[in-house]
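After this come two complexes, each holding chain A, first together with chain B and then together with chain C.
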Partner chain A sequence: MARRIPRQAWALGLFLLILLLIPLAITNRYWMNLLITTFMFVSLGQAWNWVGGYAGQISFGHAAFFGLGAYTSTLLLTKFGVNPWLGMLAAGVVAIAVAFLIGWPVFRLQGHYFAIATIALGEILRIGFDNWEWAGGASGIELPIMESSFLHFQFFSKVPYYFIALALALITYGITWWMTNSKVGYYLRAIREDQDAARALGVNPTKYKYIALMLSAMITAFVGTFYAQYILFIDPASTMALDLSILISLVAVLGGAGSFLGPLLGAFLLIPINELTRSFLGGGGRAYNLIIYGALIMAIAIWQPGGLWELLERWRKRRRGRKQEVTHEAA
Partner chain B sequence: MLVVDKLSVSYDEAPALRDVSLEVTQGELVAIIGANGAGKSTLLKAIAGLLHPDAGSIRFDGQELAGRPPYEIVGMGLALTPEGRRLFSRMSVYENLLVGATPNRDQEARQALMKEVFDLFPRLKERQKQKAGTLSGGEQQMLAIGRSLMSQPRLLMLDEPSLGLMPLLVDQILETLQRLNQERGMTILLVEQNVREALEIAHRGYVLQSGRIVAADDANTLLHSDLVRRAYLGI
Partner chain C sequence: MKKYLLVFILVLAFGFILAACAAPGGGGGGDVVKVGAVYPLSGATASTGEDLKQGVELALEIVNNKHDDLNLPMAKEEGVLKGKKLEVVFADHEGKPDKGKAEAERLITQEKVVALFGSYHSSVTKTASQAAEQAGIPFVNAESTNAKLSDRGFKWFFRTTPHDGTFAENAFQFMKDLNDEKGAGLKTVALVYENTDFGKGFANLAKGFAAQYGFDVVEEITYPAKTQSVSAEVQKLKAANPDAVIFVSYVSDAILYMNTMKDMGVAPKLVWANDAGFIASGFLENLGKDGEFITSREVWAADLAQARPLVAQVNKLYHDKYGEDMNGNSARAFTGMLVLADAIHRAGSTDPAKIQAALKATDIPGDQLIVPWKGIKFGDNGQNTLGSGIVVQVLDGKYTTVWPFDLKAADIVFPFPAWDAR
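On to the complex of A and B.
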């Protein structure tokens, strides 16, 4: 036990060091873009995991928070000239407010109401923004090109975006670390396991589901603002559609919902597969990428419903078991 | 301490409790006995705030409980160990106890309470890192009781703590409750199907039949009454 913690700390330090050095080694814009997108989905998947994994409230509408994040900062910038960093904070506030409104009617109910309500929220927003001419309507908004600087949250190089995406992922993981090691984490898991028992013990389930949902909405909106500043073009179809909501939930579920490392594993597997199959096999109406993608999802759903994290855990346990056997024989 | 007056509860129109009145005073161990479906669990759930009564009042130290959310009631010093234990089986013993300490915000107080629970159930201390689902039936019941004690209740309500346990363990659990009552002065309201064992440790008892209280007396008197002997002991 005493040896395990330092070893994990070493692994973490090494992993972070590699992430910091990657921009020196990889200069190809395509690969940088792949990594930036992956980091975005680490944050999105983990933020989803707080609600869908730890609190056990399945959301199919996280694109709503993402889109609100992208649109809040972008509209503030293009219509009122507000700095995008401030826009990012405003985006967080807007997402928290919407999370509050959606949670209020549905957290009182158990079962699938939350999942249904989140689908509705995402679709209502998407259709609303499609028809909202002031906000660009269905054709979306192009962000004005500005000077490349940290202040303007715009860069010619991909490297600064890489570090900002990495920082967002680290912040998200920091919050996850706090959550899993504080009473909020215990309560959320207790609520997921047996909401009535948790209630009988004096836990207020609504309160803790709210904490999870509001934090999740905030981070998702931050990533939305980041996306807008990175791509410099947003429209409802790319920031609020149901397929984005589903991709976010898949990252967490395939990686292992309710686990600490699950969303990280999920993002690092799913996003590269998604992007690579799209660039090498997609296009020309062949859509092989979707076949591979779908097959992978089915394979994991059938053989590994606990996600990649569980697969890794099982493999580790088996190895540890074998090691113990060896020492046992030696003794 | 606890005064339930003319309480009526129903599930979707179907009445489950009708005009139930009972009383528990400080330091007592009171048993509620009755057959399956008599409304015993419903009664405890209504007191704990998990069900909303149609009529009647539930007073705890003079304060009305009906209509309050469960987390407020637990905070007032009333804990329920639910039927079937309802542990968080994929969480560790330690984590289960922590969730039980919800109303208590003070870290030191939590640790002191944890120590008290471990004193009462040394087995739990040995197994604190184990997942609750891997414990034996008896240990799980100990954990369920310990988890309730973590909220520092002044009145502990238990719903069928002996459910699914072998006779030896039933005696052990009920003896523990008796000790808790005698040595630590814990006021206990116990719902049981093991009529004889429950009445042997209780001071007073109530008999619940089809949602109504049909008898209330000293536990010893009840144990030897015709009603209990014929209906529940089969003598």
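On to the complex of A and C.
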């Protein structure tokens, strides 16, 4: 055990180094965009994983928090001239507040009913924003193009966006690390396995589900703000729609819900495949890209329902098993 | 733990290998000029995307081959820039603004296109044209109608289609022409619109133009599009007794209004609709005879062929190729691509600044177009200043062009006949 930790640190360090050096090697805007989008979904998938994976409360409404994040900072910027970095913090606060408010009714529901309630939440918000004229209505808001600077949270180059997206993903993973190694993580998993049993053992399920949901909403809103500053245009259809909620949950579920590395694997597999198949096969107008994308999702769902993570785990166990056999024979 | 790293690297490598395989071999040969088109080729508007793509492809065929019989820009030339072939690389944005931007950037950096074209959805046109603006290459938009698109101070954005502001103004130009040329005596107007962005946005524009053209808005009625009854609204309309009613409605509410107006015997002199519900396929299917004589704005109609034979010629080519008639979207995409090809040709090179200058100098007369515009000439904001919509009227169960009067396929029936006098 003592020997394995440094190795783990080595691997992590090397991985981070690669990520830090990538902008030196890749200057093409398209590939940078692909990586930035992937990092966004690493954060979104992992934030979803806290609620949907660790706590076992499947949410199909996370686009609501994403949209709230995008809209909070953008409205503050365009209507009141508030700096988008402050807007990002405000977005986090708004998302936490909304998570708190909706947690009260929806945490009384379990299983499918929780999932249905979150769909309703997302759709209500989207329709509300579609009709809210002051907030741009269905035609959305275009952000003013400003001089590239860190202060403005706006850059012509993709490199700063790359590092901000990477930082968000690292923060998200930091929180996950803390969660999995603290009592919160154990309580959440206990709640997922059997809420009543957990309660009987003195765990307050509502409190810990709240913690997971509020943190998750906050990170999702941060990414929403990032998206707004990155794309410079938001509307309810692109920031609050159900298909975004589903994509977020898909990243976590296909990667492995409730696992540490699952959302990362999911994002690095799903987002590039989604983007690349669209770019290189979608131009024909025959939707081959969606066929491949859909087939892949079905394949994983059928043969690997535990996600890519489970595949990895099984492979690791088999190797360890073989190694043990070898040592056994040698002894 | 080493294995985890291995998997990371595998996943990363997978992405990059896929990329390397799929990456195209640079900016095309010396005898091809590449243009990128970002369109909704999958998702909810895929069928519209298909129409747009077909319009663009037909335009390409005309640009790249000699068509001496067609009085269109680029028809008599073979290719652009002394015989180079014009090629369009299509990309799919799925109706999503972020994907539109990503595809626009890919077309610019990977495919090395000299100009961009698209993107139908105003929201996607916003982000895709940002990419062109940042890269400094022209973006020609042929079919997005959000008025604000041309108010952004962009230097590389050119829009051939008239926008929503022009369509709203058309309503009042049409009424003024009716007054001037047919002695219609229209003075008072009621606005009836559904209460979302679509209705409200149009109503705001309409109020401005009403004042400008000297009409009085005597009643404004807003309602939710999914309403079950509009009796109260029609009652209000009856009380206000306006000369003309302007509707902004979806299809089920449009049908409801017509039925209720018939029941209550409300028949203003002119019923004008802002497209949408009144020209949706369900409208006449449901109303039959009761849908007659309403007027609606349109962007294009095949019966323009009566006034402009060119429309019939091009529509025939289109029909031969795709087995269906052109529509407002394919006709506008077709026209936009010819405008871009013409500009590239006149620029004499693929240098973006020269194409931009050539676009600014564009001056195509109306008789070389298959769309009902007076011509194509861009203002300082990149908006075509000569665009216009048309007004169609339901006559014998067909939407028939009645305005502008010089492009009409039939005379307008005016006033809107009383319900018991039909």
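Keep this in mind: the second predicted complex is superposed on the first by the 329 of 331 C-alpha atoms of A that agree within 3 Å, B and C clash if a C-alpha of one lies under 4 Å from a C-alpha of the other, contacts with A are read in each partner's own complex, and residues count from 1 in each chain.
By our rule, contacts are C-beta pairs under 8 Å (C-beta built on N, C-alpha and C of every residue); 3 or more make two chains touch, one makes a residue touch a chain.
It should be emphasised that the depicted structure is a prediction, and the values quoted were computed from it without experimental measurement.
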In the overlaid three-chain picture, which partner chain does A:Ser238 touch, first (chain B) or second (chain C), both, or neither? second
Who touches more of chain A, chain B or chain C? C
In the overlay, answer first, second, both or neither for which of chain B and chain C A:Ile246 touches. neither
In the superposed arrangement, does A:Leu276 touch chain B (first), chain C (second), both or neither? second
Touch check for A:Ile292: first (chain B), second (chain C), both, or neither? neither
Classify the contacts of A:Val203 with the two partner chains as first (chain B alone), second (chain C alone), both, or neither. first
Per the contact definition, I'd like the list of chain C residues that touch chain A in the complex. 1-5, 7-8, 11-12, 14-15, 18-19, 22, 39, 41-42, 46, 49-50, 53, 89-92, 94-99, 101-103, 105-106, 108-110, 122-123, 126-127, 130, 134, 146, 148, 152, 195-198, 200-201
For the complex, which residues does chain B have touching chain A? 48, 50, 69-71, 73-75, 79-80, 82, 86-91, 95, 98-100, 102-103, 147-148, 151
In their shared complex, at which residues does chain A touch chain C? 4, 7-8, 11, 14-15, 18, 28-31, 33-34, 37, 130-131, 133, 137-140, 142, 145, 156, 227, 231-233, 235, 237-238, 261, 265, 268-269, 272-273, 275-276, 278-280, 282-285, 287, 289-290, 312, 315-316, 319
Would you mind writing out the residues of chain A in touch with chain B in their complex? 183, 186-187, 189-190, 193-194, 196-204
